[in-house]
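Here chain A shows up in two complexes: once beside chain B, once beside chain C.
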Partner chain A sequence: MNNQIVRKQQLSRKVVYLNVQGEAPVGDTRSEDEWVGKPDTLLNIRNLRIEAAVHPPGESPMNAILVHDVSLTLKRGRVLGLIGESGAGKSTIGLASMGYGRGGVKITGGEVILKGRDILKVGADGMRKLRGREVCYVAQSAAAAFNPAHRLMDQVVEAALLHGMATRTEAEKRAIALFKKLGLPDPENIGKRFPHQVSGGQLQRVMTAMALCSEPDLIVFDEPTTALDVTTQIDVLAAIRDAIRDTGVAALYITHDLAVVAQVADEIMVLRNGKLVERGMTQQIINQPHEQYTRALVSVHHIDHVQKDCGTEPVLSVKGVTAGYGDGAIKVLRDVSLDLYPGQTLAVVGESGSGKSTLARVITGLLPPLAGSIQFDGRDLSRRLAERSREDLRQLQMIYQTADVAMNPRQTVATIIGRPLEFYFGIRGAERNHRVAELLDKIEMGKSFAERYPAELSGGQKQRVCIARALAAKPKLMICDEVTSALDPLVANGILKLLLQLQKEEGVSFLFITHDLATVKSIADSISVMYRGQVVRYGPKGQVLAPPFDPYTDLLLSSVPEMEVGWLDKAIRSRRMESAGN
Partner chain B sequence: MTPISKIISQRVALGALTLWIVSLIVFAGVQFLPGDVATELLGQSATPEAVAALRKSMGLDIPLYLRYFDWLGSILRGNFGTALANGRDIAELIKPRLFNTLFLAVSAAVISVPLALLGGIVAALYRNTFIDRAINVVTLASISVPEFFVAYILILVLAVHAGILPSLSDVDSETSVLGRLTAIALPSLTLAVVVLAHMMRMTRTSIINLLGNQYIETARLKGLPEWRVLVRHALPNALAPIATVIVLNLAYLITGVVVVEVVFVYPGLGQLIVDSVQKRDVPVVQACSLIFAATYVLLNLTADILSIIANPRLMHPK
Partner chain C sequence: MTIVHGPRMLKSGASKLASAPLSAKFGISIIIIYMLAALLAPHLAPYGEAEIVAKPFEPWSAQFWLGTDSLGRDMFTRLVFGARNTLGIALMTTTLAFSIGASAGLAAATFGGWTDQILSRLIDVLMSIPQLIFALLLLSIFGTSIPTLIIVIAVLNSTPVFRLTRAVAIDAAVSDYVEAARLRGEGPIWIMTREILPNITATLVAEFGLRFCFVFLLISGLSFLGLGIQPPTADWGSMVRDSATLITYGDITPLLPAGAIALLSVAINLVVDWFLHWASGLKED
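Up next, the complex of A and B:
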């Protein structure tokens, strides 16, 4: 009897593959047989379950379920966006469509049907034959994903040659055509270079060309523009989208940035903690999200922040600072002047290499400037950290991008937060514990966290502890260096709200360094735009963000993806200045 | 000046400096040995006058620093002087010995380097399986056993029981190449076993260390078979540390062969230095020490240059 049932299932599946039916359904509410396997269905993932062995600190190893029962279908030539925060299982699902699991990740249930066969059942050799031929992968950081020891061309054509899809001459010809299509400079010769000789944005395009070179049916794009500067991202995004359209390849486009995926995808799946939250056409997800969580993602940057008026006396005044590395041979900052007023936030915004973090190092005294001065609270600050008084050190606190490495992993939260209390104020014992509990309340965590170790906290909680540690010194100025960049959008939003709240209560000033203009808009009172070591625009927020713009600020502002279908086309059309260096 | 030629000339200058310091130490060290050739030659019962006369005739009464410059100058001109013990020209004395030692070292390297690379790659390919563990145990055992022990075991098995190889490696300038190869088969096998383990383990570790890199994942996602991932994508990036270990072991093959040469009675440089120390033949000891030091410096320089060549960032600057 059992045999009969199995046979029946096999038969029905076979029939379904030959069956042409109407529009692809949304979600998986209908029975499988209704929507599975139309002839133009390329990928059909059913009830995918993925687990990994994890080793939580202080506990015995256990199996964590990364993906619960996720199903999806993808037609030929279509683009499905997978979106969610870290831990949502997006990359895991993307790699599963190639039958690949990172580290100890294992696919423990479900089917991945590619072109009519379950690739989880084809064995190791069968899997190798489809990887790089039927499905290709574009990684987040092309800089790390290219082998530094080989020339680009050798890597681009490798898969096509390996799978016997083309001769070397044919493959190279195709690669050069793809380089041209993706807008790479000098397409004939760029393949002769090594990865380190090419910029990040260009490498990302070369990687896309590499994926397209063996003419696959499906490409998995895993956050392909996340590591790029915003003005580079827009060009790469447009190049990738056009390449997908022109070649007719299907794609899984994985990102945490809804505004980015809205420009590329036909459909979007929202994932959270390895489960499907919502699936729909891109228009619908952006404009009429059904689920609460999707709505939160769509409106993530809507913090109401009214710009405060300038005070009279600045708390921090940077005057004509020039600084550099290597005995001043390389100047990273040139004649930078800024004022920050008490209780306000000055956002320093710019792309990588613009000198933002160097400015923070100069203000904290870690890098003595070559010229210029820094006034704090009306008096000159020593240029060197070693010459500053303990009081100066206390007044000026720093919060870093990666909270992970800014804390001693072997100290408890109470020790970490309590240290500035002991160091600056000599507070010990019960009084210290009391103050630590107060600070933990301020960062909305509560004293139950006091005895935990950093490894037992989430990313957002770690950053909150770092904020509490800075706050414990009762500083006048806090320098926040990309403090939300490593966090998921919703968590980052929580941190920003907390910082604004603390500013209101404590009157502390923030020097807020970031590359993210959305963050700037939601937190700043005044803004300084930096480009190649110089301040190109500086003033109150309303003024800086209002036209007329200088060319660089215009480029920067027009490059930030907006939560709007079709934004990319408009932006590309209206761009007035070529992206710098890319 | 390109960055590479700058780095290389810096290394060469450093190597020359090292050699000069070594020459100082070699010269000074030998001076501080108790007694000198004059007392050695004349024996315990010699009169102080006789000793003084001999010292004068051998130039041992000239101030130290003058003797040093004199010595260094003639060495730079290729003149190592004459052996005190038998009055022969040191360069002539050393030449065949150095050739023998190099011949032995090269043949040991020819056996061990390809084997080490292959074994390391195989161990990395089958990491944490039975094959890997077996290779691990064998190499660890060979590294832990003293080389004379390995030598005697090989003699016992291959010379005494099987009788296919000679247990003595007595060669002279008349011996044919084939005869030489047969004669040194056992010592070069012994040396190969001794240096193999280190190189093989380093190859394995260097390759496995790179497997966490993203470009390895890229290679796997292209559908490359695992051996190709290792050989084409991991190995080229592991060349620098592997080259360093190989070169250090080659240096050992030349300078560390004393014990093996003694066991097999092989007329190499190692034997010569041992004999000369016993005879207090200072010029010969100094010359041998300098040759050993130069070998080390030269081979380390080679390792540095190989690392530079293996690094595309240096070979192909932006």
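Up next, the complex of A and C:
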């Protein structure tokens, strides 16, 4: 930690600090010594309890406890990582540390003591003075958090101006310095752009600059790199980490990815269902986790999968496919060729914009290719969906990324899974119900789920139902488009294990589209790496993942965060190529 | 909705009704009273629908509860029979308008491309002519029998229904579950009725309520102008016109059919508001 800078920051904030003391906190009965004695404690959350009214389908509304008695302390200039799966309450705690609860959420107990006063009791006026000045927030989706109608600079300096902390010229100068520090291209002029004129990774960095611009004491980062591509994530992560270190600001860093938080945080708190599981120094959590749950999180990516040998005849053979949108003016795929052998998994890896989902659309017939051919099971597939036989449609099934929207919300699980049975095989009535129950057993859910609606299932269960729907058609090939991206790591792991199990039992082949190399390592037999619409590397897994690498594959492989403290520095030092997103 | 939901939905519907706000319960009671009056008109009314029972413009009395109209027909009897005619015709018209508008809207959303272009432009043309004037024009061409009235008003009212259906159906048509159904090889009828329709029903039902009011008001308006339901059939719009002169003598009788129209419109809107609130998933704080 750069102590000199930290001290300078603290000195420069003295005025603010005294002001805060002057405003005697309402209802705070503690003696001043209690916090003056520990001046380096910035944030102290005690027995925080947060509730929300929930409306479960088919039941009467009730109060659910989102956060049970969580306490934490954060010293100046330190970074605390909050980690957990969805529903763990990490974002809720993050927002509560700015005294904010999302719609319907109520803070029903405990104290949030920031710089010595309970901010839950300062009232609306006090809250306005505090937010954007002492505590700032960096949201997950920068694209949604910026106002598209205003230039970046206006939004970055807004908080500083509103709080009267600087003149416009000063604030802009500070913002440009921050842009430079965060490694944004053309820092002098980037502020003149509109949000849609910069990339996602850049926007996330601008948002970090926005938070830092009013020189707050605490920044809450809520999954700032989750929505980014892996090669962009590493840059943004490094930029955020350096900015935190150089400005000496304290931070709560919220994420579901333990490998990411290990690069940034000094300490880590593991949360589950709103309760604290484990708290410790980053080293200890990563290397010697005490609790069972933390151990599961640390070792999440370990699935044993032996690469299978290629068969003789490929089940799917894509030859020289070129495809694009708008009458071929924009080519998204250029001369793509791949083979997938029966009972195997071919992983198509690439970042957003690499054309991997377009490849799936071409294979399914939703987007007829401009050139090239697709052979399936030894015969040519028609280019258009409408010209394909029902048999072809049956043998080629698709599983989507977001199971939420891939199932009709007005149909029960039994209807969803039973429809392919009716449609392809004419199975109806009791026989159909029996088969649905069998399929539900196969996806490890059981027939009690048959009459539920999709809204009554968890994320993992929804994806399982989608798998069962595809399986009901007894396909030869399943196209899995980012099927685990929207899921928590442990749940995703369960889905991958299920898919491997089904492959063993049914002999179905998978075309597995993903951006996540850890998933690829777990389940692929062969890999095709795509970059800007072209296949840059293709072959059996062992071969693709062994050096020598081409520059892009090297970049991709080296960008995947590893469960190791200090990985980020090593990775940044050894990079040979700029990230694709910049 | 009932097709896909079955008994569970009905049960939760019943419990929703019990917990409905007072305004919605009031609306529902009014609608039920109107419907009963319409159904039981011959039993409730003391005289025949077009029966001349006394001198014109009798005052209110024990014999003629609400007096008599310009021809000496009992006002109360006409009011009860008016419910039957006005409500029945409005209901039929709205149903027809929805059948035309919703199927065209679903087809436009499902097929897209040329189908969508042709249907949408056709509707634009229909919508560009002021509704009442267009209705007057068509009715003077085709005559004012009840079937023509129903068809003309239904066609005119199907245009906003088409627009609404197309807008919400397009939203559903691009979702992954519809794509999954297309990939499965499902035909357009399945996609329209089983995949898209159940997901837009709430919006359509709400629109049905509002549209019913508009249709109802249009019919009453046309009757008032003399081009709607023809005498001697009792109907609220023409009843207002027939006894309008009484207003100048400070008699409120002509306001009663007008009040009946207003009350029903309010009642339907209260129910629709509640339904929209419930279907949109907005929670009370």
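Note that in this section the second predicted complex is superposed on the first by the 544 of 582 C-alpha atoms of A that agree within 3 Å, B and C clash if a C-alpha of one lies under 4 Å from a C-alpha of the other, contacts with A are read in each partner's own complex, and residues count from 1 in each chain.
Here, a residue touches a chain if its C-beta (ideal position, glycine included) is under 8 Å from a C-beta of that chain, and two chains touch if they have at least 3 such contacts.
Keep in mind it's a predicted model, so treat the numbers as computed, not measured.
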item: Partner chain(s) touched by A:Gly132 [first = chain B, second = chain C, both, neither]; value: first
item: Partner chain(s) touched by A:Tyr400 [first = chain B, second = chain C, both, neither]; value: second
item: Which of chain B and chain C A:Val362 touches, first, second, both or neither; value: neither
item: Touching partner for A:Gln411 - first (chain B), second (chain C), both, neither; value: second
item: Complex contacts: residues of chain A adjacent to chain C; value: 53, 55, 58, 61, 104, 364-366, 385, 388, 390, 393-394, 397-398, 400, 402, 405-411, 415, 419-420, 423, 451, 469, 473
item: In the complex with chain B, residue positions of chain A that touch it; value: 95, 98, 100, 102, 127-133, 136-137, 139, 141, 144-150, 155, 158-159, 162-163, 193-194, 196-197
item: In the complex, chain B residues that touch chain A; value: 213-215, 217-225, 228, 232-233, 236-237, 310, 312-313, 316, 318
item: Residue ranges of chain C touching chain A (in the complex, touch as defined); value: 1, 4-5, 8, 12, 175-177, 179-180, 182-186, 194-195, 198-199, 283, 285
